[in-house]
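We call the chains A, B, C and D, going by the order they appear; numbering starts again at 1 in every chain.
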């Protein structure tokens, strides 16, 4: 029951994060030179904001998906797990800010680096949460067996870490890394399902 | 249980989408010529925004209603269904943007065409999600039996597709099509209820 | 199960409505004459917006509370009940708009009248929803027995109806009526609890 | 079941409060002197807003955590508890406003004092809710046994009360008090868990 409420709260926060990002997508208000910004050119100007929204939507979707699987294998929730979960939600809550900043500045170096930093912190927070659950489950941890060597979970933060300084060389490299990691995770994580099936 | 969490998350996202659209409904700030915009004329100026809000509210309500029925017939949720569902939520999340753009520009051609495009993409995403569920249910699919020939689901995207180029002829035709499709769906979809009742 | 999802969706929408109203409560941005609006005078200028927020918060709280009790006595949800519920949520979703407009214009006549109109429409929508549930429950309706003669439900819309034209005489009278109705409902509605207890 | 819906609604409101606070975190729009505010200096200017967001995120997290524990020990929900809960949610809903005001004004005295006032009112509302639950549970109250002498619950409002006038001496002292109270509560409240374990 406790676990259900933690899941419901996390779902609520993640649902709000994924939805308020779209509030940044707005046609600029009318100006003297363009009293009715309702043409295709105005839409085209929104393209960078739209693309950064798509990328962040996929990232938040991946986190929700993995969060879902992780807690599927969890029975009891401790105070430590509660706070590790809130810590993850904190970093996810910064996605709308970094998404908007990157989108409005067309891949400028600093916003790209900050976008990568928030991705890195979220990945670290996810790792801490995973450790807290495994510690609570003990030696026979279902989650530990499921994630195995967890190479995806190890490569991702390295990519983000590399993307931060590389943003000042070329933001294109950093954004390429962000897209690469997203694609890597889009393949749904069936490890936990597999282990669960084996145990039956 | 997995299914419940997917439903709860979808409900959360849809609840936020349907509610933040209303944030676009605001009286313009005071100007020099109108220091206190609190008259009936100021309210009248909001009418196009209000009407596009009403139409989009009904559309999101229809999607929630049908989503509700569709998952009622579903037992197991796969990774593919999860992502097909997120894909649908992505296109629904663009409704507040297109609603505001159409409303602020009083039926200008480009915003109307983009409104239709997002409706079309959401309809396609809904179709993909329906196919993913039917594929998972297999030959004896309850959902496949329930939707039958699915003429509503086939006419709707054709109407949206027609409305996109027609917006540049006359936005009135396109908006008439959008209203026609909404009315067609407002008749609640009792097919699934009927099939369920027959099987008992 | 269907009922649970309708309740969860309604809770989500009502939770968002009650919370986004507070977004209107913001200190005005710095101007040349007041570069740092961080004094008590700036706070005092927000008082009308704050008071209209308090009133609307109580109204939405009352609706949530009564919605809660009403569905407590409901078992099956039909398509008609689903749409009657969405219709109620539609009018509730306009509360943030009317609350902000009244608050920003310090009880001007037109915003006060529109505030009353939205209250009236929400009351009518609530009545329709109540009728839809009673019709579905049939002759032995628990809800019909519980609400009895429903004098609160009959006096409230009359008060709103009177408040609309009276706003153009004096907005103070209308707002007094809104406060009176809110206080009348704040006494929690224990009729359904009582009937339920009697039947046991 | 009633309790579940109250928990779900509270979770929804708290999830929205904790997430919309981040909407205040935005890079200022381009000006003539800074056409592309995308540098590290622009980020640094956001630091006070960011820090006040972190503090408020922790506070809302503490309230969610304690709310969670408090209702864990509750079985029946009365009308009085419903309204005491809404009263708590009301004061929590003001956190985004006070957080933004403090952050934008870099620890000015009045915003700091108002921040403390809202913290104080939320603490009082929490205390009233706790009393309402204990009164409903009667002599053998699990919650009363769990909170014991409740020294944390008594020290916190005293700190807030002291912080309000001290903000006009030095806002640093007040903010230090806010941080001290947050750290005190961050130690998760295991009293209820302990009492529950003992009773088994």
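Assume a contact is a pair of C-beta atoms (placed from the backbone, for glycine too) under 8 Å apart; a residue touches a chain by one contact, two chains touch by 3 or more.
This structure is a prediction, so every number in the text was calculated from the model and none was measured.
Between the two copies, chain B and chain C, the Cα superposition rotates by 90°, quoted to the nearest 5. Where chain A touches chain B, under half of the residue numbers in use are shared by the two copies, so each contributes mostly different positions. Averaging Cα coordinates per chain places chain A and chain B 26 Å apart. One finds 36 Å separating the Cα centroids of chain B and chain D. Those residues of chain C in touch with two or more other chains are numbered 8, 12, 16, 20, 23. Residues 7-8, 11-12, 14-16, 18-20, 22-23, 25-27, 36, 38-40, 42-43, 54, 57, 61, 64-65, 68, 72, 186, 188-190 of chain B touch chain C in their complex.
On chain B, the positions that touch chain A within their shared complex are 1-2, 5, 8-9, 12-13, 15-17, 20, 23, 79-80, 82-83, 86, 89-90, 93-94, 96-97, 100-101, 104-105, 108, 110-111, 114.
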